[in-house]
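This report concerns only the one structure given below.
The first chain written gets the first letter, and so on, giving A, B, C and D; residue counts start at 1 in each chain.
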Amino acid sequence: MANEITVNLISGRTIQQGVAIESGKEKPSYRTACGIIEMDPADLKALGAWRNTNVKVTSAYGSVVVKAVEATQGPHPGVAFIPMGPWANSVVSDNTYSTGMPTFKGTPVKVEVAINEPVLLGVELVQKQCGVKVG
Amino acid sequence: METVTITMKNAPALYLEADTISPDAFAGKSATQIAELPVFEGNSPSTLGKYFEISGSAGATAADTKIVVRGDVKKVKYIGFKMTAGEVVIEGSTDQYVGAWMKGGKLTAKGDVGAFAATAMKGGELIIEGNAGNYLGAAYRGDWRGMSGGKILVKGNAGSDIGMYMLGGEIVVNGNTDVHVMTHAEGGKTIIKGNAASKIGGQMVEGTIFVFGSIDVMMPGFKPDGEVELEVDGTKAKFARFIGDMGERHKKKKGIIVYGNLYKKI
Amino acid sequence: MTKTITDVICPFCGTLCDDVEVVVSDDGKKLLEVANACVIGTEKFLHSQSADRVTKPRLRQEDGSWKTISYDEAADYTAKLLAKAKKPLMYGWSSTNCEAQSVGNEIAEVAKACCDNTAAVCHGTTLIAVQDIGLPTCTLGEVKNRADRVIFWGCNPAHAHPRHMSRYSIFPRGFFTGKGQMSRKLVVVDPRCTDTAKMADIHLQIEQGRDYELLNALRVALKGEWLPDTVAGIPAEKIREAADILKSGRFGIIFFGMGVTQSLSKNHNIDEAIALTKDLNEYTKYSIMPMRGHYNVTGSGEVFAWQFGFPYSVDLTRGFARYNPGDSSSIDLLCRGEVDAVFTIGSDPGAHFPISAVKAIAKVDSVCIDPHITPTSGVSKLHVPVAFNGVETGGNCYRMDNVPIDCRKVVDPPEGMMTDLDFLTMVCNRLKKLKGVA
Amino acid sequence: MSELIIKNGYVFDPVQGIKGDKKDICIKDGKIVDKVGSSAKVIDAKDKTVMAGAVEIHAHVAGPKVNLGRIYRPEDKLFSCTPTKGMERMGGGASIPTTFKTGYEYAKMGFAVAMEAAMPPLFSRHVHEEIRDTPIIDEGAFPVFGNNWFVLEYLKNQEIENTAAYCAWLLKVTKGYAIKVVNPGGTEAWGWGLNCLTVNDPVPYFDITPAEIVKGLIEANEYLGLPHSMHIHPNNLGNPGCYETTLDTMKIAQGIKPKNKFGREQVLHLTHTQFHSYGGTNWGDFESKAKEITDFVNKNKNITIDTGNVTLDETTTMTADGPFEHHLTGLNHLKWANCDVELETAAGVVPYIYSPSISVCAIQWAIGLEIALMMKDPMRCYITTDHPNAGPFTRYPRVYKWLMSEKARKAQIDSFKHKDKVLSQTVIGTLDREISLYELAQMTRAGPAKSLGLAAMCGGLKPGMDADVAIYNINPDKPVANPDDIEKAFSRCAAFIKSGVQVVSNGEIVNNGNKRTLWVNVKAKENPQVMRDINEKFVKYYSMTQANYEALGHHFVPNPYAIEVDATN
């Protein structure tokens, strides 16, 4: 029951993410669809986190708070999935190996329990990290 | 050999494309003429003199022109672009395209260099005392004719995609390298004295790779082929030999199928 | 009373379904129903009717609030921004039509900018691989009519291209494939057991990031050579079995997606996959096709290619086109701080770029042309809303297999809302005046 | 519109039989006229040659495979792009130029019309978008028919009328110009990875032979009376010994009379003949059969050909002949692109280096020139390089130099590494004919215009025709000292007037002209059965609905020029 595990993070599309980006990225529905991390039950057990509680995901490139949910397209022990969006892109590797393409899939991340920290809305998350003043 | 020393005096806000810093462009010019050579910061044309203090005058030909680049040139690209002779010494670290499309001469970078160093190199010598970026000695995008000659020595680590589509010449890396070494190579030799990550020699038709350190994951296309005692770059040792890439097409020379060779020091 | 418009093109993903039916009010002002589209397409059409749409350009003030301005002022601001910048980046172009892209290219050439489309974070590495080794491909109708071996490598059409399987790749009954899915064998390669993998005859659950090794192993297995015991987590026997299945078909097609383009060794994964396809052509007929994401990213690549010669990451700062992803591509330009102005259209880098690149956008002066409120408009100085392309304005767009289909306008945009083509033309004329070009 | 007069130039105009005597050319409202007022703008063409605007009958300049070639060859543009300059947009690409550069280069060489040689009907919108972005020159596109499932099924039952009705429908829907056939049957067999190497190999499943396809489409073309004849790229291209297949293909056209109102006299146009005149059994005993081919064409008056000259450059081969490109990548192992198009055709792209030190390439170079030199009637033999297959069209001036100067040919032959093999495998050494300026005007202006059915409009300087006039810095009276002067003169014309407006002066673009898209609008009899077949195939087999297939809005063809054909009798 360690309170922190390391997994290999990948990101990608889901149909819920597709619907959410078309219905408005400033709405809570976007956070519900993309502000999540799908983890294998074995990893959730190792982390000791309840399903649908918030966790903090940290990588060498940044960190973000998202809701931990059980893998819908598993099993994939050792691999975690955050749908493509500002939450995933807060932590994915921006190393392009000089090909122009960041490494969206295959970023080692540390996941720790963070029940009381909120998952921010999409636009707000990006504005906060970029330090944009919003009147 | 006449020496021209250029010292950064006015660092660019963005990145400076200085493809005129090469013995060929300086040859036969005085300091003032060199100062007039064109450079670009983004899309605004400017002159070398606006960014560099220039002293000394160039030799009559590229062969007897030596250039010393001083100051912070980490945001300067294309130093030694298409040089055919002469010498260039970069005191500090610099950015991309160092010695790109180089045909001859000697280029020494005392610090680090960025990506695309020695692209499609045809000859000459490039010594990088710091670390090299990705695509060292690789071909330009889409070209099946990569580095065909010359010698590259990297004393530090090197990035990914070394010697892609290599046809000839030699690359020596004293430190570690990232993924992809001599992908699609049809000739040439690479010696890696540190550790090589993985994906070594993928789709290789011909050529030789020596790895002294560890390899995380071997390419399945490389078949073990016994061990052999070799002396490589002054080091005598026993090497495990692999031939490949078995997935690729291979030519027959005088009846014998020619494979790429990967030697891993034991 | 209402009227139904048929053969409508859905402007969301690369499948470009062109059998959508839309019911609109008689005066063409209101859009009521959408039929035949998947849930994402339906949402895109219906969202055009939502009440809280931004209808006027707005400029970020010092105190962080938005100030509504006119399209004229917005065009002036954009033209001045592009005229003044030493190395502006014009990114996006993938959710707009080819006519707007053409005017955008003219702006980029006059402003001597870098222009790039969403291939930079989607199939850019595919284009690099195609430039190294070519691309044996076909149109989607050939798959529908002939394919009996279908491979989804690193892509999840059940989620990303929902109607792809029913329109082209698995279920349709084509000319030579009368038995539909019964006449096809499906192989899926994915590190997860995705909803697409659940339908597969064979699912190779590959170790993430080792596609290059597995593809190489398949080519070695085709030549009957030695293989190590396991490659990328797949036992050698299973690899040889998969190779035999691939070889045994009459017409095979490999679809590949972000799984191979965005993970380690990037363009080499696709390079090896294309080499595998060429090898398979020695045994039977094989083609390979990228699952392009945006509905008109292919179109943007085509327009860049016939006007500048390169499909994306085009650097026009010298007055002519230069190209080298890793030097002229958006992510590297932004992360290295090489650009001093950003102009985005038809895409959302704020949400889909790594955060270090988005911080670079926020740092410089930037314009965002997008009908939605997005993280990009959130960090941009100027937000210019335009009509929904494919819903409120027509124009040519290209499907994932490069087939051009002409989108159609089905409903009027909100009052006073300009289309991106009109706005870009305004910007182009003002920029030419500023630069003194005829 | 202003009036223009071109004074004291040496005029070469095969349409009026003018062979270089001094004559003034008067232009009013975009047309050639007899005389103009004194206020007309004068262009002095003293010591210069005056010809009509040239007509390019066969080049791959617009379309999906051309663009696939641009996308996958970034090295073709490395260090060779021209920057934006005044009115000229930037241009790039040595073997496959961008669309703006294509328009400018053709205009600077004095070309008025260029025909896109192969348009896959499914991609007609793409072809028209690229044509729209190619400035100055008028363009038309040939849809490909030789592997179209409708054509294969109708011709299997010898239903010429249904074939003609379908062809009329497709020409209208794609705004195409003529019936183009590429490797008939073979490209459909390529759908299964197979090929048809002779005219009698049956196509898998459809069980029809290329001979039946060729004959059927010739008859359908004459049934409709189209301006241009059927334009064929026969089977078995580029293989040693392929000249037999070419002869078999041409024999099919024997005895068929042309039926049209456009002054066209041929029923078959054999394109890039050089690639189809190979003898020998392998690359070792590879030899020229240009003699046999030209003998046949000289005797059969109802055939026209174009040469397909090799220009000894690094170029990119691209053709709708999918199996040939797969065969070629097997030979040189360079990057191979291919795109099979549902129900219609395929395409392949492979880079190729015609190196003077390889004997095969040198023999190919010789074959192309032999064909032009051994054809008796220049009105039936046109100069092309099948751009970019045998070489980029920007090399035309060099091809003219080789044809017009035996000294230049000798110099090139002497520079070959395998000179003796070239001389033994070809007859180029024995040919001393030098094409005259008048014959050149026939082979590049009047001939192609007549073959395309455009004789009334372009290719000549007769009053009433379009005012497309090119002026070159060549003085016919002064003997040519150095053959390279021919190449220099034809590379950049002194002036070029397009539709009455000067667009090039001293090799620089001064006006973007007013380009047109030429297409053929056939009014054919109602044919409900063909329309029913079309609806059924779109519902069941196409991946696009028929409404979207037929949608070709104004923004694709902003300036169409329709040639009306009435085929209702």
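Criterion: a residue touches a chain if its C-beta (ideal position, glycine included) is under 8 Å from a C-beta of that chain, and two chains touch if they have at least 3 such contacts.
This is a predicted model, so every value here is computed, not measured.
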Result of counting contacting C-beta pairs for A-C and A-B, higher pair: A-C
Chain A and chain D: spacing of chain centres that average the CA atoms, whole Å: 57
Length of the line joining the C-alpha centres of chain A and chain B, rounded to whole Å: 39
Separation of mean Cα positions, chain C and chain A [Å, integer]: 22
Chain centre separation in whole Å, for chain D relative to chain B (CA means): 45
Multi-chain contact residues (two or more partners), chain B: 115-116, 134-135, 140-142, 144, 160, 179
Where chain A touches two or more other chains, by residue: 97-98
Two or more partner chains touched - positions in chain C: 128, 131-132, 264-265, 316, 318-319, 323, 325-327
Set of all touching chain pairs, with the criterion as stated earlier: A-B, A-C, B-C, B-D, C-D
Chain D contact footprint on chain B (complex, rising order): 140-144, 249
Of all residues in chain A, those that touch chain B in their complex: 97-98
Residue ranges of chain C touching chain B (in the complex, touch as defined): 85-87, 111-113, 128, 131-132, 210, 212-213, 216-217, 219-220, 222-223, 225-228, 231, 264-265, 268, 271-272, 275, 279, 316-319, 323-327, 336-340
Chain C residues within the chain A interface of the complex: 12-13, 38-40, 43-44, 47, 50, 52, 61, 63-66, 120-121, 124-125, 128, 156, 158-160, 162, 191-195, 197, 205, 208-209, 258-259, 261-267, 293, 313, 325-327, 329-332, 335, 348, 350-359, 361-362, 372-375, 378-379
Complex contacts: residues of chain B adjacent to chain C: 13-15, 40-44, 96-97, 115-116, 134-135, 140-142, 144, 160, 165, 179-180, 183-184, 198-199, 202-203, 217-221, 223, 245-248
